[in-house]
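Each chain gets a letter, A, B, C and D, in the order it is written, and its residues are counted from 1.
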Amino acid sequence: MSQPLLEVQQVFKNFGGFAALSGVNIYVNPGERLGLIGPNGSGKTTMINCISGLLTPEKGKIIFEGNDITQMTPHHRARAGIMRTFQIPKPFNSMTVVENLCIPLEYAAEHKTSLSVAEEEARKILTLIGIEALGDLKPTGLTQVDMRKMELARSLAGRPKLLILDEVMAGLSGSEVDEILEILFKLNEQGITIIMIEHVMRAVLGFSKRISVLNTGLNIAEGTPDEILNNPEVEKVYLGE
Amino acid sequence: MKLLKRFRIQNIVGFLMGSIFISGLFAPSVYAAEPLKIGLGMALTGGLAAAGKPAKLSIEIWRDDVNKNGGIMGRPVEIIVYDDQTKPSNVPAIYGKLLDVDKVDFVVSGYGTNLIVPAMPIVMDRNMVFMTLFGLAANEKFEYENYFQIMPSGPNPLTDWSEGFFKLASEQNPKPKTIAILAADSEFALNTAKGARMNSKKYGFEIVYDGKYPPGTPDFTPIVRAIKAKNPDIFYVGSYPPGSVGIVKAAKEIDLSPKMIGGGMVGLQYTSIQMNLGKTLNGIVNYWFWAPEPTMKFTGIEAFLSKYQSEAVKYKYDPLGYYLPPFAYAYVQLLGKAIEGAQSFEQQKVADYIRNNAIDTVVGKVSFGKNGEWAKSRALQVQLQNIQGNSIDEFNRAGKMIVLHPEEVKSGNLIYPFPGWQ
Amino acid sequence: MLLFLGAFLITQNFHNQYYYLAAFTVLQYIILSQGWNILGGYTGYVNFGTGAFFGVGAYTSAMIVKTFKIGKSAPFLELPILFIAGGLVAALLGLGLGYLTMRIKGIYFSISTLALAFVTVTIILNIDALGGATGLYIIRPRKIPFFTNYMEFLFLVMVALSIFAVAFARYIENSWIGRGLSAVRDDEDAAECTGVPVLKLKVFATMASSTLMGVAGAAYPYFVTFLEPISTVSLDVGVNSLAMPLIGGTSTWAGPLVGAVLLGIIQQIALVTLSPEYSLLVIGILLVSFVILAPEGIVGLFRKFRASLKK
Amino acid sequence: MVSIDLLLNAVVAGILIGGFYAAVSLGISVVFGLLDIANIAHPLFVITGSYFTFYLNSNFGLDPILVGLILMPLFFVIGNIVYQSYYHFFEKQGAEPLRGLVFFFGVLFLIEVSIIITFGVDYQLVEAAYLGESLNLGIVNVSYRLFIPFLVGVLLTTGLHFFFAKTFYGRAIMGVSQDSLALSLMGADPVRIKSVAFGIGIATASMAGALLVMILPIEPALGREYIGRVFAVAVLGGLGSVKGALFAAIILGIAESLTATYFGAAWSSGVSFGFLLLVLAVRPAGLFGR
């Protein structure tokens, strides 16, 4: 491997007086599956917001494919190939599910493509995720699970190089988790790099090649799932002292 | 009664002559009965409704008066009024409707410059007579020859308006030296202030404060205090009703007592406001249109007012109606008389008649000069005197609103300097 | 195109001024409603201050009429120049509003547009060159070649502008821009993260919206012949241009059109048929009952009706 | 030339009128800020209060403040009814707040028409013995006409502030504005609490109306002039903060008063709205926002 796809170097982010990130370092190599775990309030979502560009860090650098993207707007990052889902799904409520997918298809992936091409493409992606039946519904009528699947589908529609998943498994049943994992493995095989933030340990341990652990805005551990499982510090953070 | 008789004779003559003329062309039996339609837009809702509604009532009283006497040249008068909602943008369509759909024979204006001007292009297109109600110098830009305006401001509306006030001030001994001018940020008040500025120069007063205030100002104490700090001899105010009340109250509270105060305050003529201010009004010198003074008893005015007053109670309009109503009556009365005088329904002939004749109305004899304004100003300056309390009886008789200017209708003398607030 | 030709034929053969004068107001509101809807309906930024943009357009055009007197030498060129100028200046103001959209959302944004309208009034009141409260006279030409009356010409131009406004709104709605604007309305963060240049689109929407409003305003001086800030930058303009799209339906170009035509015509009819209080009453009742009975607007109601027919 | 007593008097005048602004905008602060209901018709409720006050004052000689107090329960009930219908037609349907806005525009027209039909269009004022008097405190001169509204405005604000801070219903209203779901889980009925809050908002309008007619002559169309100012104060104060509304109103009052004294009143309303725009651009949640 020559260079990482994404590199987060010494990133700091404060909210008022509260330090959400205090010098975090993360990297992910092309084609890799990275898991990001940590207790609530450890800064995972802030981290993702910094990577996707919704937040700008006070200090530190974010490098994607060798370019410094720290000051880049989120939509440019999306076009560059960084797509994400939201922990609390943020669907476009006035549009149907297919139309929801057309937004990234038109804006992030194949800019200004014709609508009919985009719709066709959108339906293919829905089929891949297994929710093709929902295509013409409005998101407000969807179940939580379908909503999360739609979020995943929408981020895929942006043709990501790097896909960041913020707790897509929350609330899913065991078989549904497996179903999603299967899709993710397939996507990863096609060359999409994936960062997974997850509380469902079974999913993140089974999926990730490497896991990074955050606590109170700092990296505290990194390694293969096995190493993490046996790391005393991680245990301390999760189980308390 | 004498008036009524003359009306009748004129009408009979008019009717006869009219029918003789017409019978040559049409079958007179059909034509004679056709109503004479007069159309207008008037502010019946919105900011100017307090003036517009009584104006409409006055016009209707005139219509009934005329119809009781056989109409105009035999044709009964029909009035078509639409509500312009005090919005200029409604005016063009209203006049379009009146002229093209209702096919009125004559149009007159709504109340106030803002609502007169939008009708001008349409009226001018057809060269119609345009009797208007209280436009301030509205025709200066158009110079439309068939425009006639009933407010007695005179040929130079801006300066004539406050001429009396300044003349009175300049005649006092010792002559006051300094003046403060305050005006509402609205078309009418600003124009009077402009005139006041010109007159200050003419009569040699030094302007020590010259300001304006936005409509909707709830508290005038800071402004009045700033004026008091300049200690002017004269305080000239151009204001709208809420401001007039606010300024008077604030001046009293802070005891701003210049030697002369008033000028162009709209609202002091309204009965409800007079009844609220009561004794506080004593000593204020202000423009007025009509006052129940012996010098102002023009033919027909009292008959009109008694009809107006009995109706106004029902609708909760201004109970006395000394401000706008006589003029609202007069401007249609004048049109009616001009039609009869010209013995024609043709616009140009009626316009010529108005231009060339002095016409008797309930507000006196009116003749027009430059730009369709009164040939000679009769902008009254009135001082409120001897007001003892807040009842309506304080305001409905002579001896309270003393006319100081102009000379020909003067009914008393100025109390100078301003005696202080009561 | 056909509509325009039709309108042209009407002006050539039909000379009842009332209908032109009444139609002018309706057409003006078609343009204003479409303008409002681009920002308010598609993008979700509710503007109370339409009056400010309308007024700025009106004053720009009035000042050009007064200073350059183009009407004398090139009578047919004058109006287009006025529209372009009015639209441009309003667009500049829109740029300022675009900045506000960066920082303020929802109801706060709406209130700041209201404040913008009040500030605009104050500024005009205090600039003597604009006539202040005393107002400006803009005397419209009495004649123009090919038409019996200038008003007929003005009407025709307004028809053209309204067609343009509707076509423009329709184009935006059906293009990738419109879909992007909807995404912005639904969720700005999600829009950004799916590649939508939110800020650019918002600035585009505010500017497009204010340009249309300014253009509508630019025609106004010749219609009223007298400009005065309080009635020009009025709350009524703001209320109408918001109520019309809402009554018609905000999600599609047809909504503002239907709303403006319907409410505009009802207002014009009420003005000349009902006694004054009742005309206000009717408008009030209409507003209340429309929003209650047709929550998606008339267009929404119509769609529902058609859908139920299909079943 | 800056003279101390002019400056002092300008500040005092600003504070006094600020108290009045606060009374007028309180209702908006509660209804709009806490319940997220854009009751654009609020100033018309205030004007209605003014007309009732005028009617009872001129026909029965009742003191305006007393009338304001007497009317509060009536206005409370009216507010309740308005909210119930609003809830029924809009909130329950999950309609966007914008539609509610148009609804209130309609209500605004309806109230205006009712006032015109009932009370006519003439300017009206009230009388009370103390209204013409003023209080002289050394170099500062305070007129009762403005002092009483100020006092009542402050009392009303303080009262509401403590109501929200200390009583069960008050806290419930604060709660419902943040999370109605949580509240309903606790066993309180959000709709009932909201209709109480709305009723309180409208009830303040009756008192504000009484104050308004003490200061200025009123006419039916006056309400539209006040819409902007009322919203400005409510937003400046940070919607939903009763205390903030009072402070913002006083700041606005002082700003306007100083402008009127030193730069000419023509700019004063521009100054207040300019100030509002500035605050919104820099600190969107208002000066005292949560």
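Quick notes on this structure:
Everything below uses one rule, namely that a contact is a pair of C-beta atoms (placed from the backbone, for glycine too) under 8 Å apart; a residue touches a chain by one contact, two chains touch by 3 or more.
In this text the structure is predicted, and so the values were computed from the model without any measurement.
The central chain of the assembly on a C-alpha centroid basis is C.
Once the centre of each chain is set as its mean CA position, chain A and chain B turn out to be 75 Å apart. Chain geometry summary: the mean Cα position of chain B and that of chain C are 37 Å apart.
Per-chain CA centroids place chain A at a distance of 43 Å from chain C. Within chain C, contacts with two or more other chains are made by residues 122, 125, 277, 280. Residue positions of chain D touching 2 or more other chains: 112, 116, 266, 269-270. Residue positions of chain B touching 2 or more other chains, listed in rising order: 45, 49, 86, 185, 212, 214-215.
Taken as a contact graph, with one node per protein chain and an edge wherever two chains touch, the assembly fits none of the named shapes, being neither a line, a ring, a star nor a complete graph.
Pairwise chain contacts present here: A-C, B-C, B-D, C-D [touch as defined]. Partner chain D is touched in their complex by these residues of chain C: 46, 99-100, 103-105, 107-108, 110-112, 114-119, 122-123, 125-126, 235, 239, 242-243, 246-247, 250, 277-278, 280-281, 283-288, 290-292, 295.
Residues 44-45, 49, 82-83, 85-97, 99-101, 113-114, 117-118, 120-122, 124-125, 141-142, 184-187, 189-191, 194, 212, 214-215 of chain B are the ones that touch chain C when the two sit in their complex. Note for the complex: chain D touches chain B at residues 3, 6, 9-10, 13-14, 16-17, 20, 112, 116, 119-127, 132, 134, 141, 143, 145-146, 212, 215-217, 219-222, 225-226, 229, 256-258, 260-262, 264-266, 268-270.
In the complex of the two chains, the chain B residues touching chain D come out as 45-47, 49-50, 53, 86, 185, 211-219, 221-223, 225-226, 229, 241-242, 245-246, 249-250, 252-254, 267, 270, 272-273, 276, 280, 315-318, 390. Residues 52-54, 73-75, 78-79, 83-84, 86, 90-95, 99, 102-104, 106-109, 111-112, 115, 154-155, 157-158 of chain A are the ones touching chain C in the complex.
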